[in-house]
Amino acid sequence: MTKLLLLGPAREAAGVSHDVVDGNTVGVVLEGAVKRYGTDFERILAVSQIWLNGNAADPLDQVGPDDEVAVLPPISGG
Amino acid sequence: MVGSVNLASNLDWVYVSASPLSSDELTKWATRPNCGAVVTFCGTVRNSSTTGHEITSLEYETSTELAEGRLLEVVGEARSRWPELGAIAVHHRVGSVELGDTTVVVAVSSAHRLEAFEAAKYLIDTVKISVPMWKREVWEGGSAWSEETHSIVSVQQQ
Amino acid sequence: MVGSVNLASNLDWVYVSASPLSSDELTKWATRPNCGAVVTFCGTVRNSSTTGHEITSLEYETSTELAEGRLLEVVGEARSRWPELGAIAVHHRVGSVELGDTTVVVAVSSAHRLEAFEAAKYLIDTVKISVPMWKREVWEGGSAWSEETHSIVSVQQQ
Amino acid sequence: MTKLLLLGPAREAAGVSHDVVDGNTVGVVLEGAVKRYGTDFERILAVSQIWLNGNAADPLDQVGPDDEVAVLPPISGG
């Protein structure tokens, strides 16, 4: 169980900004997210950065219930 | 005074706000007795679209926590590049912003003006590419994400 | 609104004033619908002396007519170097200016930020060396002309 | 007869900011000014720029009663 934060187009494709997903690594959490939100989300995830607690994450990083995995699609500047 | 302030020094102030920004407030805050120069940058919404519509406003979306954290990283990188800087403030608007309104303000003070100019330019250039911030263009009857996009880059890359 | 304004365009505003300067007024004036960037520079009196005294204020002296004429020349040269600029304002204080108070403000707007930064830096660099302006340092019990002096140079030389 | 404008240290050395001096060229007007104000002024004049009606002047430039000769010592920046 890990917190998931979905931003911009990822939030729009998922239909939610915050969620909780099963999994003990970043990669497993994101697989669960794709299963839950479908192919629009999967397409955006493919070009997104993944942060864990505010820093760039690796799919193999371990996660627990207090961690937050964030999906950050390409940005459009200020 | 709200936003993430480095309270130890009272020299760094970053803030992501749904309320109108005041460049005057940042300029005054950045003015210090030992600093002869203050450079302020304001970015405003102009009538130019990436989607081909007559836009009436922009809608900015982010995570305040992640955005303020990244803004503090950008400020920290500026300090390591220009150690002689005085105060640094960076505020970014979120939510709906009308044409002509300010979306981002940077204010930097320094004893001499060259570093203040260089640091202000680095700060806004880096904020634009390093801080998580998504922009929707809004027009009469519709809206869409801005079509000029790029991956978020680290604060060292600029 | 006072000072020498290019009324035909309402894009150039120079002013030599014995009253306090407002960087906020210049920033707002320079903000235009087609300009996404405004860069503002404020020069303030800091506690640093060329005569070795503990200065309490500076005293600026000029001919308003000659100084405003030269300021318009500086603005004209900036326009010829960066034709895409929006509005340009340069205000300079004369008379007695206290520590921490603003002596000069430059505000420049442009569609994109690079030209606004470059032009603002050119403008203040050139104002400092091209505009007739004499500075007395004032301390408890005395005053003297600043000892850092140089001949006035043309606006093209920067 | 030509108007004379004295600025900063030149004004201080002369003791006046505005004056009227005889002469039909810039050079003759300035000679008259030196005679009137003395050696302190002469020393400052030697390192000053001379403007005629807002533009750089030559000693041989002709002047009349509506013209203004300005003495601009080295400046100290803003």
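Letters A, B, C and D name the chains as they come in the text, with residue numbers starting at 1 for each one.
Keep this in mind: contacts are C-beta pairs under 8 Å (C-beta built on N, C-alpha and C of every residue); 3 or more make two chains touch, one makes a residue touch a chain.
Remember, it's a predicted structure, so these values are computed and weren't measured experimentally.
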{"item": "Computed distance of Cα centres, subunit C from subunit B, in Å", "value": "25"}
{"item": "Subunit A and subunit D: spacing of chain centres that average the CA atoms, whole Å", "value": "75"}
{"item": "Residues of subunit D touching at least two other chains", "value": "none"}
{"item": "In subunit B, residues with contacts to at least two other chains", "value": "43, 124"}
{"item": "Touch-based graph of the chains, sorted into line, ring, star, complete or other", "value": "line"}
{"item": "Chain-to-chain touches, reported pairwise for every pair that qualifies", "value": "A-B, B-C, C-D"}
{"item": "Sites on subunit A touched by subunit B in the complex", "value": "5, 7-9, 11-12, 47, 49, 51, 54, 70, 72-78"}
{"item": "Complex contacts: residues of subunit B adjacent to subunit A", "value": "43, 50, 60-63, 65-66, 69, 92, 103-104, 124, 127-129, 131-135, 145-146, 148-152"}
{"item": "Subunit B to subunit C touching residues, read off their complex", "value": "23-24, 27, 31, 33-48, 99-100, 111, 113, 116-117, 120-121, 124"}
